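What follows is a structure written as structure tokens; I'll ask about it next.
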């Protein structure tokens, strides 16, 4: 009988709902596969801390590493040392540049954001105003979602004024920004957010401006319980859902497979899904997010 | 010598007015009907935290845990209401008790054990936020029941509730600081702790009191903030501690204790909110916003320093 | 009375040893061959920043911008080398000059204009990081040319380069603080700035010097950090300022200036690194880790405080 | 004849700081209504003695009795609650507060009692402070200024006014007139004589022998951390006291009968 | 007869803090080798005068000449570079440093000169500090202790030793013996007499008239922020000076011929 495999799952320390779901998926996959899963986080999203964790895991000779890098490029030297030590490395959610990793499991952020942009474009006419709540532009996820969104929007409508609300993935920042934006752009038709927390902020901003649910359309990104709840209550009209717990689950499954010496694909797109009120309940059930939503 | 321009907070007042003028020239929307009250509403949470912080800084301490305590009180209250179906008023009471409890914990370690406030509250910064995440599993709770919508968006006599709550807290805090025995002792401890002890002030009890006030006001801020966000989570009020401290110092209170006033902190909080808010009105990009915020904070105090020097001549 | 256990840093030493014992009992991986030198390598960047911070805190100032300055120097050096093809040694020189330049800016505003150090460096905290992002467009630069791989992973006489650089800097800083005129004035300013001025110390020049040292050492830390990460970006060293300050205070230096030693800060940095590292070894989950780190920081000082009280009896 | 009951009796009081023996086995007593002086070289341990009996610091050993009952002050708060007021050599003033606030520090006048939240009666404090200060003879041009800018003598008078105004059981003055001018010194000596008349016992530390002989009933001599002798003022003279302070006179050579036992 | 050249000449020196007139139109002069005393009530403006002429604070108006040349001190550093040493009433000591470091504060002995980075000669400083302190007669049990724990007199002696050891051009002492014991006061007076013999001019502020008449050539009287009179010690007496200080004697009633003009 083979000894139990040890798999390291190293997350990036993000503490929002989306990441909670991804991490839950990873842990469930670890249990299901019957491996020993060491699950650790780079505290406060600090790269050098994550580097230190990877090095610890190398010295512990784990059988495979699944990692959500804090920084695509910065993690590369440690990853290269892990690979050199014969440890397969699977990137989860965020890619790694500068290292030939075993596999990359994620939503294609650009592709998903293009869907968000197209949907938005279909809701507006030329000359309309759209508010876009931007994720942190110092991170590739934030940059990819923004460029994908703008790309998709421009494919459908060229003459749209986009008012950007910059944030660092912070809900209060999003709320304050949208409040200001609504003040100077009362005619905004759609608020798009780079993540669901921003959408929650947008709803609060509408509340404080005395606007009713639906008077401005909100489109989210993530498919997190909070976002889907908003849709259920009529505050959100569309949500580009990532298969959140699937990302974590597939990431760990792929790591287990690689540790067992099986060959795994270099890129696994866990896909995205445009959730609309019509297919909301179905999606919530199928993705398992429903267990985190209040009835 | 109580001329208005000799007050510690006069610089903050000038900065608020000056920045207000700049913004209303730069953006036609700044002076619109609701925006001024809007600035106050947005400032209300930072203002509450800055008010709490003022007590602490006046005793020459510092409370780095205000943001984390806000998150803990808010996250648990939200979790109780939405996940466990607890009555909202009971949840509010629990939040306030959490604030008082954390304040007592901080106060005990600082006043009775003698650990520096910086360490206790730096530890608290991650300890309480970690607890907030742990106890909610990292999930948000949105769509809060009554009376939260009223607290967040209601009005009494045309004054939005967040402003009302904040001003009420300020009036009480200002009274306590300027006109009660406890307030007097707060200043004395910050000015000369050893001396205050020698004349027979119970500096331990007063210091404890300061952190309890801080914890309680943080919980109050948590209630206002979650009502405003219509949701709560362990991520609430992230990094608010530095804004709160900056507001206090912009308001003219000395970081070394003993000198300053609470109304200055309110002005400081408004100033910081206007800076952040103004950037959004001007649609400045994320990175340029960061730079501008830093520069304006330095500039505001720079002008104040020059003014004071002039005055001394 | 120079018994080792009366030194300010003795508490940190005890905590390091105690935590080391706990970790090697709890996790078989802690004492593996390379792990001890590994802890030192990991501590090197925080240690450098804590060393810089020690100078500032001894004058009763505080430098909240150390992380941001590190990011600015590192991000620009990386951008110069990889995007603009500048020679690595020239880029290193530029990084060091940036550190000195920011230090002079801080020092000027604090010593000559008279703005509180908290405000100048709080403004700098976002100002410099914003500038780092802005000038690199928010993009990373990875795969650094020679000599960075050697700086990050090379060894001389079996000692890893990051440790070597850090220790060298510490020896120089310790000498400057304990055995030069400048070092003596740093302590005097922190102890009694008005008095130091009255006896004819040029407190402005010395204060300026302190911030220049801080800026320079931050740039040095940036070079070590980017070499270790084999990349640089504006996100480098995020939130390191609180760790650096905590290391200094854990090391026994008083936040009010005039008292403390630089070797304590090294011990403090090692302690903080071990705490964070130990949590990973013990496989504590993310939220519990946050709580544990906060609790251990408080606990470390708690024990020290009790030890000192015992000693006084 | 039975000796009058001691207000304060101290035996074996000892305080060492690391290797520095600030005070060793001090033994002292003060009768009801008695005014005593403590004299001695710089560094003889006089202020340390004051800090120990007011609870500012804890002794390494020793026993303090007030009115025949042992007391164990953990902080100056305990001493103050027993009615002991002190002017410390370091004055214990809050530089950021004004004169009235300093005089009433820890004893604020309030409109009614709500514990720590009692509302202050600013007006009463201001007028009473002015009155109390007047007794010291010092002139303060603007009473609402903070103490930070005040002259050395002005600060010292604030501390004296405070202690003199609130003492009930015992008042301790550590070099109260060191920074005072001729007029102010005379006024403060008047205050001390007034306390004598009202029967409040007092301990004064002073380097001014003229003052000591003018004011007190008994002189205690400290030397190198020990209390080496005490003499009733009437039975000694300045030369003898100086000799004891400097060590030129061996205390053992003096008649023991005149010593106050303790 | 031509008057001897003035080392220090001050005219119209004025300093107001808000509404408090600490010093108004002060006029003062000091001849080469002369020792002068400044006397006056608490709050009369004596320490303010010292702070102004040492550059610690800037005057609102007035002119300071040293050796006949106008000087404009922007900080105490400028004064020190001219060889002026001062014992401030607030002592200007760093409580966290030990005795030797305090005595050599700002004048550290070094092995060789590298500007601010000059390496300190700890040994030389320690031994010289012990010597300089001995002259003041104070006993300090452990020279390597920090000043924080030291007694009032010990601190004051550290500041005196520092000033006396480094003065070249002028030495200013603000109530130097206020906290000193009998022996130490005598020793410090010895030091002052030594300075007189070596021809170093000196200004002493003191409330002790016995001391003043013993030590100096001329007495300047401050009253309510003004210099109202000056008298050569030989031509006056303590009663007259007390009268001037308290205002009992009108300075205009005194013969003007004996006044030192300035």
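The first chain written gets the first letter, and so on, giving A, B, C, D and E; residue counts start at 1 in each chain.
By definition in this document, contacts are C-beta pairs under 8 Å (C-beta built on N, C-alpha and C of every residue); 3 or more make two chains touch, one makes a residue touch a chain.
Here the structure is a predicted model, which is why all the values come from computation and not from measurement.
Think of each touching pair as a link: the shortest run of links from chain A to chain B has 1 of them.
Relative to chain C, the chain whose mean Cα position lies farthest away is D.
Chain centres here are C-alpha means, and the one lying farthest from chain E is A.
Averaged C-alpha coordinates put the centre of chain A at 33 Å from the centre of chain C.
If you average the Cα atoms of chain C and of chain D, the two centres end up 48 Å apart.
Note on chain placement: the centre of chain A and the centre of chain E lie 73 Å apart, centres being C-alpha means. Chain centres here are Cα means. That of chain D falls 29 Å from that of chain E. Of all residues in chain C, those touching 2 or more other chains are 1, 133, 138, 234, 286-287, 289-290, 293, listed in ascending order. Residue positions 15, 137-138 of chain A are each in touch with at least two other chains. Annotation for chain D: residues 18-19, 90, 142, 145 touch two or more other chains.
Chain C contributes residues 1-2, 176, 179-182, 184-185, 187-188, 190-192, 194-202, 205-206, 209, 258-259 to its touches with chain E in the complex. Listed in rising order, the residues of chain C touching chain A in the complex are 29, 32, 34-35, 38, 42, 45, 133, 138, 140-143, 152-153, 225, 228-240, 276-277, 279-281, 283-287, 289-290, 293. On chain B, the positions that touch chain C within their shared complex are 60, 64, 109, 113-116, 118-120, 122-131, 133-134, 138, 242, 245-246, 249-250, 255-256, 286-298, 301-302, 305-306, 309. Considering their complex, residues 54, 56, 75-77, 79-81, 86, 88, 90-97, 101, 105-108, 110, 114-120, 122, 142, 144-145, 162 of chain D touch chain B. By the touch criterion stated above, chain A contacts chain C in their complex at residues 11, 13, 15, 23, 38-41, 43-49, 51-53, 55-56, 59-60, 71-74, 76-77, 97-98, 137-139, 143.
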